[in-house]
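Below you'll find the structure I mean.
Just so it is clear, A, B, C, D and E label the chains in written order, and each chain counts residues from 1 on its own.
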Amino acid sequence: VLTAMPASARSTVVPGSEAAGLGACVEPTELMRRQHMEFIKHQRDRTVHGGIRTSKHSLAGCVECHIGHDAQGQAVPIDRADQFCGACHAYVAVDLNCFDCHAAVPRGPMAGSLAEAARRAVDEAQHGQGAVQP
Amino acid sequence: MKRIVYREWRLAPARYWGILGVLAVMVGAGLLAFAYMEHEGHWVTGMNNSVVWGTPHVFAVFLIIASSGALNIASIGSVFRKPIYKPLGRLSGLLALALLAGGLMVLVLDLGRPERLVVALTNYNFKSIFAWNIFLYTGFMAIVITYLWSMADRKGDPFIRPVGVFALLWRLALTTGTGSIFGFLVARQAYDAAILGPMFVAMSFAYGLAVFVLVLMFGFAEDRRPIGARMLRRLKNLLAVFVLAVLYFTLVYHLTSAYGAKDQGLEGWLLFDGGVYTTLFWVGWILLGSLVPLGILYHPVRGAEAPWVAAACVLVILGGLAALAVVIIASQAYPLQLFPGKTILESGFLDGVGGQPAPYHPTLPELLLGFGGVGLALLITAVGVRVLQFLPESLADEVLPIDEETIEQPVAKAA
Amino acid sequence: MALLTYSYAALFYVAALVLVSGLVVKIVRYARTPAPLKIPTTPAPTSRSGVALRMTREVVLFESLFRGNKWTWIFGWIFHFGLFLVTLRHLRYFIEPVWAPIALVQPFGIYGGIAMVIGLLGLWARRFLVDRVRYISSTSDHLMLALLVLIGTSGLLMKFVFHTDVVAIKRFFLGLYALDPQPLPADPLLLLHLLLVALLMIVFPYSKLLHAPGLFFSPTRNQVDDPRERRHLAPWARALEQQAPAASSDPRG
Amino acid sequence: MSERGTEIDRERRRLLGAAAGAGVALVAPAVVVRALETTPRDAPVDGRVRWGLAIDTAKCAAGCTACVDACARENGLDLQHPPEGAEPADWATQRAVWVRKVRLRDDQTGRETNLPLMCQHCEHPPCVDVCPTGASFKRADGIVMVDRHTCIGCRYCMMACPYKARSFIHEALSDQLSHVPRGKGCVESCNLCVHRRDFGLPSTACAEACAETGHGAILFGDLADPDSAISRFLASEPTRQIREDLALNTGVRYAGV
Amino acid sequence: MAKATFDVPELTPYTEVPAVTPGAMAHSAPFVSKAEFQGPLGFPGELVEDWQTRAIDKMGELLGKYRSLRVYLDSCVKCGACTDKCHYFLGTQDPKNMPVGRQDLMRKVYRRYFTLGGRLFPKLVGAEDFTKEVLDDWYSYFHQCSQCRRCSVFCPYGIDTAEISMAAREIMDSIGVGQKYCNEIIGKVYKIGNNLGLPGPALVDTLEGLEEDVFDETGVKVRYPIDEEGAEILLVTPSADFFAEPHVDGLIGYGKVFHAAGVSWTLSSHASEAANFGMFIGSYDNMRRVAQRIREAAIALKVKRIVFGECGHAWRVAYSFLNTLAGPWDFLDPRYPVPQHICEFTHDLIEQGRLTFDKSENDDKVITFHDSCNVARASRMGEVPGGQFEIPRAIIRATCNHFYDMDEDTIRDRTFCCGGGGGLLTDDLIELRVKGAKPRLDALNNVMQEKGVTHMAAICAICKSQFTKVLPYYGMEMDQIVSLHQLVSNAIVLEGGEDDDEEDAPAAA
């Protein structure tokens, strides 16, 4: 077993985000920590060129699931240095420019649909292929 | 044959660092302009959605074609076996590299997403002339470096000619390719012309040589090395012939345009009521850039005097920038003809309502970026001649190889 | 897991100790050894600032090597500059918060890594292809190159193919500062990378890698050319003067 | 296991509600309802369809800009604001426009024509041919668009497009919509509302808006399907391509010009 | 004239880098010094019993005394930049004559006894015990280094093989393995005052002869004084200048320049030698002892300035070390640097317009200039770095109409050694000297072919002697080598004054 440490001590998942209440990411956490950039990059090409919107690695999906909220319940941009993507990348000094273009909070009429696709895919992974996480 | 002796450019350190300082400031200002444009976005430039390429592109294209032209001297020396040009081969190669680097710097720093340069270097669309140009440019660098090596290293001797021939062909492809960036744009009337290719070749010869002669004269004057009358005569005659060639292609280009019915609107506009573009064309390109230099170069007395030849070179360069401004900017400012036989009364997107040209006002950052490229080219040259043996010790008449001076047809031979 | 973490933690404590103490000993010894005579390779600068400039050119541009051998210079410079960029990029594993300039240049470390390996391969090829260099190369020269190539390629593989958990690595090293080792991800490539790095740190003070500090102490490069203006006397040479005074060192006496 | 699955389900439903709520605050309710009925595409697009527009200029009304506004709203163009310090006149030349309204007068007859002009989704798109990185590309279903992950912002495609259909983003953006990422330094243009395509919505924002105004000048549909409304319209009405001389076989056709 | 017992290399248009031929020069070694020559220098007369430990101890001592040695033995990365820079390697093809190859002879011993790696894994790092074979290699190859420092110019760390070979020679001396040529000569300096062993009266004779010759030739009474107390300038010049060709023509030139300048000057019989072979054997003590003579002479003769004649390594010792070894010089005229080179002196006068030349006197020659290595790479002339290149050339240009430099890669600080420096100017090393001269002569031959050069000027006694000897091996004439001040001497126009006939020309003070 790789994760001997309690998740809380190591995880950067923001409290109050949807993810905080869930047990697993779209892939096993150990894998996400290492490979998430590859996942979303592949997803990116498949979406832009192939029009595929059902995969679980959608960036908009990440944002929706991992978005944190302020005291007023407003979504906080996910790339802010104290938020999910931002915190980690500030820690390792990686400059993420995805959110130059991508909405850093779920916004717009289709927001729900985009996340929905990802969730559906996770469901499939969890029900279809059995559990990935203990 | 006597060996040509090359020496590093040996200026007094204060003078040398002074020159480098000035050039570094130029480059620095260009970089600052880039940082500003990159940080703010391109709205701080005069470029817009109608005139998408502006002043930086004028400089970039100038430098790139001048780069190809600068190598011409080396080609004439080794490919066309004109021994008199041989001593200039190394400088010619260095200048070609430097100008190309300067031009590419401007081009890259003007990109909307310069940080994705790697993307441009790893993703190619082989249908795109532009992508081919990326190969042409990087290939050119590699070839010129090989060429320089073959000229500088004793082991390289047998390769000089083959590499030189290859470089020549590559160079013609490169200029044609650069010209074709425009020539293949069927959308724009001004560009949809095959003659742009050869015209760019002629331009590259003229501008490249003008830059070359200026740099040579400056470098020699600073280090108190002699340039003999014979060499000066050859160079200025060559320049005159190239300027004439540009003039000739300009004439043919505008005649064919004016003849083709669909382009008459454009011709009339450009030649008569294009405002600043008309001035750029007549005063910049034709008068100052071609006729006056020709007058100087063919003047029996002035044409033999170094300062006048230098002045002619400066004019040719300025005229070249004007010419490229006309070719690049005016052609975009003139509205696209989407609805022949109809007048646009209203449009949400500057479609040339009532035939109005699109606006374009260059801003300071664009100019600085352009000059930054020039600065980089000169900086590389200045460092190059200092650390390596690029400049011949002397071009005085007595050290130059004998040349069959009577039969002078450089164009026929060079083109 | 814990075993792994603790053994690597121990390894790095030892390696750091060897590196730092070894280098300090060496450098102090260089600094303490006098240079009794003025032996700058001339033409040499006649002022301290001139010497500083000369040293800078040597360190940054490898000026002498440039004059000496262009091929070696190109590969050597590519390697060292790449190594420099890689080092800058690696700083992000060791400082928190990461300084802004480091964050800015860190992406270039990736190209630095590629350049570094290319440079090393060029240098290595030379050791086989040029008979003179083949003659002077000893096993340790090859091993040193092999070591660096391996470090570089394992790093690049981590960057491009088998990603590792960078956050955990940083936590591990920050933990080492606080004597509180955090778990180290058990990725084989990472373990190899780190093992070799530790090895490099250990051999550094005992190998030709001493050229890095050595350059700064090289009298032919760091001396000012002013022997006529300033009398230069090493302590042991002064002692010599006192024990056996020259026939008449004072002209008036 | 299954217990956990249901837990996620419940959780999700709660959050979906919240997301929908947020949506309501931002846009008209009708849109939100529709958004929830989407069927995202799960197979790559293929060449069996070719999306296109048919524009009946006779129906396009003077003074109307509903389609232009709808496009701006759909794609977040209206969230773009002039950067501080920009001259309004300059800004007008630099802001992004995916579709514009053009009013023409025939030089001979004096007849006036109104039409919306957007990317023509050429079958042989010059913008794609010239793009050095291949960022400008044509999807299998005929949509010409820019992959903004590989666009370097060279603007060569803008030089090449005969219709001036493209815009360069001259300034940093914020407040983008989740489904239309866009930002500084890249080139963009009408993509036939590609997200709507992929989520299975029937029409484009402009066509829908035009229909809502009652003009119905824009018809969206599959050009490859002979039974589609658009194909039937093209079969029945004389239509043409703008700049037919270039033989680009555009996906946007105009009747009555 | 020269009948060689070895193959004289053929000159090539450019010096090609040869393929390495291990052992090609292993047979070359100078005569070993006898006890009688060792003693006066304070060295054991023959190889001592426990030579190995004593050598290692000595090495340890030197490591503590010379930062150069310590840093250089650690720093080499075997980059190879120096491998094709040594004229002896280029001429002999022996890889142990590659500077790094030469250093490695010592480095392998250093590694074995002084580094952790060498103690633990000698094979891995190329460490070796100090055996008799190694010692023989040392003797052979550390006497194939002319300490010209060309290698140090190109080494990224400035590693100076000359420093290593000096240290090696000192270690060998300390265990009783000295080189006859150097040690004998140093002994002569101690005993008689100069390398050639010319006693004082002989010098006086020679100088009187010179005065007569010059008067005969020019009609002007130029003086060549020795041991004149109260003269302004003490001239220290290599003893070869007193009689050998072409050296003596240089000395004649110095006298004419002093005459034209109107300053009083003198030679000294106590310090009648500029050369300081103490440097060659790396012995600080001996170098210091030799240098002290100059101080003694200056004090005794109450001079105000010291000027050195044309000699390369002598100028290095004078310029770089004299202040250290025999300073401080606070009793001399502070307006002038101590010491000055004769070229600096002449050049100053030229600058001030105080010398008149008739350049056509040298029209029978087309000149090129050989930068002597110790002048070029270990010293300076004038105020600015590089003056040592410009000043002699300026003098040539002022005195000759036809001057061409040799190939840029072989002059200035990249100059090739004549092949006879560093204490190797002895007949027992003639093969080495001839082969080592090849790169220099390749370049000379080149300008002879292309520019019609006829003569090469030099400012070093060793260079002049070496070229006189080796030029014939390559089919050139021995008199193609000239002194720089010979050219000055030829071209200088001396004021023929009334006082020429008077006995005591009043020296302008």
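Note that a contact is a pair of C-beta atoms (placed from the backbone, for glycine too) under 8 Å apart; a residue touches a chain by one contact, two chains touch by 3 or more.
Protein names from UniProt, one per chain: B = Polysulfide reductase NrfD; C = Nitrate reductase; D = 4Fe-4S dicluster domain-containing protein; E = (Fe-S)-binding protein.
Keep in mind the model is a prediction, meaning the values are calculated, not measured.
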For this session: Return the chains common to the contact lists of chain A and chain E.
Result: C
Problem set entry | Length of the shortest touching-chain route, chain C through to chain E | 1
Problem set entry | Fewest touching-chain hops separating chain A from chain B | 2
Exercise. Which chain pair is joined by more contacting C-beta pairs, A-C or B-D?
Worked result: B-D
Problem set entry | Of all other chains, the one whose Cα centre sits farthest from chain E | D
Problem set entry | Length of the line joining the C-alpha centres of chain C and chain D, rounded to whole Å | 57
Problem set entry | Between chain A and chain C, centroid-to-centroid distance (C-alpha), Å | 42
Exercise. In angstrom, rounded to a whole number, how far apart do the mean CA points of chain B and chain E lie?
Worked result: 54
Seminar exercise, completed: Distance between the CA centroids of chain A and chain D (whole Å) is 28
Problem set entry | In chain A, residues with contacts to at least two other chains | none
Exercise. Once bound in the complex, which stretches of chain A touch chain D?
Worked result: 18, 21-23, 44-55, 60, 63-64, 75, 100-103, 106-117, 119, 122-123, 126-127, 130-131
Problem set entry | Residues of chain C that touch chain A when the two form their complex | 1-2, 92-93, 96-98, 102-103, 106-107, 163-168, 170-171, 183, 186-187
Problem set entry | chain B-facing residues of chain D, complex | 65, 68, 83, 86, 89-97, 100-108, 112-113, 117, 126, 128-135, 150-156, 158-164, 166-172, 184-187, 242-243, 246, 257
Seminar exercise, completed: So, in the complex, the side of chain E touching chain C is made of residues 17, 19-20, 22, 63-68, 70-72, 74-85, 95, 98, 100-101, 104, 115-117, 123-126, 149, 152-160, 163, 284-285, 288, 292, 295-296, 299, 319-324, 326-328, 331, 337-339, 376-380, 384-386, 388-389, 413-414
Seminar exercise, completed: Within their complex, chain A touches chain C through residues 2, 4-5, 10, 12, 30, 33-35, 37-38, 88, 90-95
